[in-house]
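Each structure below appears as structure tokens.
First subunit A sits with subunit B, and in the next complex the same chain sits with subunit C.
On to the complex of A and B.
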């Protein structure tokens, strides 16, 4: 086999993988515009399910809750995570490696374990299930992502710039806000978008921590699917996929996911 | 003077670090400790319930055999999904890293990992629509094949495996790609110039150098799959009882939290053992 044929085969294979990754999502999106309530073919175009969605109070309330929880989580995780990244970058702290290692459990331990552990602990100390518990949990899950992304951006920052500002008489707060933060802003924005995505797409932890009847969108979708699914869920799912892919495309503009520079 | 400045610096660093790490302590580390404690209780210590410290929950795991069998079933599911994902994902990463160049590569790379950041629940749901009887897959196969076939993969172990591979495939593509990209092309050129056949180049140069990335991807897939419960529930129906779904039941249906905590903790032990075994490769992959 020549090199050219091999390369062509490789490209075809990559195309197949992309079909596998996107086909079900596209089918779901198409079916949300199909008039039949039982996914019957042939396809006939209709926006009925989106109109129904617009009048479904339960879904709208859950969607709104998901969005504002994700916004609160984004602000909290980005602020605390950026502060921690700057401290880890700027100071030679004893136990730095341990502090960095502590970021992995929230990412590496299955959410089923973290989620049930949070449920036990929050219930035990009286926070109980509900939106505050969900926010507490989401921020903890998003923090490591923010710290990793902002730290990666800080690696490109020259400490001599801080030194110069300081020697010109700038106070520490001024140095941080006028020199360091503007430089790492793309990293902070990307970290914030990751935090939004982690919270907005989070199902497992929300599932254990939210109050029945007062849930986020993914949890509502899960409980509705288990009762039997309708094209209305297709419609809302299509909207969710569009939102989270849009957020990630934005994040990709600000950081390169560790790919090509 | 220098000492006081250093102390000031240390205070400042502590103030910057405190919010993030206190948060992680409150929402991750204390809960995990609380779960360890709960797994040793006879009943939940709320209200005026009677409780005492016991090993009964762990004994239940060892003696009944049902839970151990389900854990084994989940481990086998994890192995199947991981193996399929590595087999399908590594060639894909190889094409991305060594065949496609420039802007096309950037775009392809983004396309491959974009689904990984979209809602996993929704993606599993989308498979439910594709795989159900009289669904799109069935109609597509019917349209291609001349004879009448009824394809209904929904509520089968196959459906669970397909859904999970779809969910986690981007991980192994991502980690393998990063490892492959770090391989110097001149190394491959040199081997080719010396007359090494493609097979040898793959087996003796590319695979050994990319191994940490493959292992990292495999671990990132295996760990969440062993603890999965939503995917088996939605795609497996009544056949979808796995270790994760049993834990879910203890917390949302049966309300036997101490048993659930013990089962979770056993799963955590399995996960930590795997992470520890893979940690040299993981450290090399993440640098």
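On to the complex of A and C.
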């Protein structure tokens, strides 16, 4: 095969990847503007489903709950995860290696299993189902991502910078905020995005830990689909995709996902 | 400004003694060079003075006050790191202003002092640059400015010139010395480069395996190194061992080093003379010239004597008459015989 055919194949391959990633989304977005409730063609443009969505209090409430839970989870997981990363970086705590190694398995363990385990554990220690339990579960799931990403960024940090700041008279808190955090900020932003995604996307743990009738959007979408699919779901999904893609693209531009500055 | 003293300072890492009961005084306003091979403890000593290393025994005193309970940020030190450790997210001026900012110096005075110190290190127009836009020598001077702008009591330099190339290093040595003189600050300087230590320091201390081997003004230590390690570490030295006799030291080939009073003596390469005919000097021996190395103005002759390698250094034209190889005479003045202990 010549170099040119290889290059063409490569481009075709990349094109296929993008098609399989984005085609379903585009179809869904298109159908959210189709008047037919049963995805029938020919396409006739309508904003009916968006109007219906606007009046569907159940979906709006779930969407809003998903957003604010994800925001709370992002703040909690990013703050505690960053603090943990800095502590692991600075100090030789006994069992540090083991602790760091133990951060990886939760990323690989299926959420179904983690969710079941959490349900049993939370029940055992007396944390009732409900929003606080959901938040706690999400933070636990998101934390390893934040720590892994921030730790990777910290690996490129010159420890002499902290020593220099201290030698200049800066107290530990000032050293952290003025020297360490600015350096790892891209990692913190990337970690925060992961935390948001883990929470906003979360179905299994939310499904297990939330109270019926007081659920997040993914859980509501799942239960609605079981009852019968309505294009309102398409509409709300399209809104979510538009917003999250915008946020992700902005963040990718700003942080370069923890890569070099 | 203050005198710095360490008393019986000891620090172990695992089983290795990084510092072994080091007692040393760093005079007020002086430029003190800490010298030693890698792993000799010189950096550990500097970091113990800064407060980054906690000694197991002994104490550090800055201006007569023990500082074991004073954290780094309150010791009023200035430190220049080997990597310079400039804050990459700040401009040159912000880097220099950092120490003043955390001390809550008012903005107007801060700006004035930053401008002043940037002028001192000849970086006046570079305040708005970011560290990555500067050359190595410029970064080094920013690090220096940042360390002295807070008027610390002691300035600690950890191999500050080792990242620079040879020509720039020599230029920066002169700069460093000038800045230190102008500010008059007690300076402690770690290096493994003996030439640098000799050039810059008022006093030097030589460390080996965590122990202080020798301390004093550079010339005194160079002229009278007292032991073979110091003689070889500070400059180069040809060592001669033999049996002591009433008149001097009898070497293996029967030559008498008249006046020598120790079983081992050293002779600096620059004090060895080479000639083809027998010289009139009382201390002379036969050696075999193995190699002549030309290095610009100076030349080095490598010689074999009794199975040992000797070195003679001189102006290259002094060696012009010598063959590339062959038997020659070596001689030196009795005053250039350096007695060594042990």
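Please note the rule applied: the second predicted complex is superposed on the first by the 250 of 261 C-alpha atoms of A that agree within 3 Å, B and C clash if a C-alpha of one lies under 4 Å from a C-alpha of the other, contacts with A are read in each partner's own complex, and residues count from 1 in each chain.
As a working rule, contacts are C-beta pairs under 8 Å (C-beta built on N, C-alpha and C of every residue); 3 or more make two chains touch, one makes a residue touch a chain.
Predicted, not measured: the structure shown is a model, and the values here were computed from it.
Undergrad: Between subunit B and subunit C, whom does A:106 touch in the aligned arrangement: first, second, both, or neither?
TA: It touches subunit B, and subunit C stays clear.
Undergrad: Which partner does A:170 contact after superposing on A: first (subunit B), second (subunit C), both, neither?
TA: second
Undergrad: Regarding the shared-chain residue A:179, is it in contact with subunit B (first), subunit C (second), both, or neither?
TA: It touches subunit C, and subunit B stays clear.
Undergrad: In the superposed arrangement, which partner chain does A:161 touch: subunit B (first), subunit C (second), both, or neither?
TA: Once the two structures are laid over each other on A, A:161 reaches subunit C alone.
Undergrad: Thinking of the overlay built on chain A, is A:203 touched by subunit B (first), by subunit C (second), by both, or by neither?
TA: A:203 contacts subunit B only, not subunit C.
Undergrad: Between subunit B and subunit C, pick out the one touching the greater number of residues of subunit A.
TA: B
Undergrad: Where on subunit A do subunit B and subunit C both make contact?
TA: Touching subunit B and subunit C on subunit A: no residues.
Undergrad: Could you list, by residue number, the parts of subunit C that touch subunit A in their complex?
TA: 50, 52, 71-74, 76-79, 81-83, 85-89, 98-99, 102-103, 146-147, 150, 156
Undergrad: Would you mind writing out the residues of subunit B in touch with subunit A in their complex?
TA: 9-10, 12-14, 16-17, 19-21, 23-24, 26-32, 34-35, 38, 45-46, 88-89, 91-92, 94-96, 99-100, 105-106, 108-115, 117-123, 125-130, 132, 134-136, 139, 166, 169-170, 173-174, 177-178, 181, 198, 223-224, 226-230, 233-234, 244, 247-248, 251-252, 257, 260-261, 264, 267-268, 271, 275
Undergrad: Inside the complex, what are the residues of subunit A that reach subunit C?
TA: Of all residues in subunit A, those touching subunit C are 158, 160-161, 163-171, 174, 178-179, 182-183, 261.
Undergrad: List the residues on subunit A that touch subunit B in their complex, please.
TA: Interface residues on subunit A, with respect to subunit B: 6-7, 10-11, 13-14, 17-18, 20-25, 27-28, 31, 39-41, 79-81, 83-84, 86-88, 90-91, 93, 99, 102-103, 105-106, 108-114, 116-124, 136-137, 139-140, 143, 147, 172, 197, 200-201, 203-204, 207-208, 218, 221-222, 225-226, 229, 233-234, 237, 240-241, 244-245, 248-249, 251-252, 257-260.
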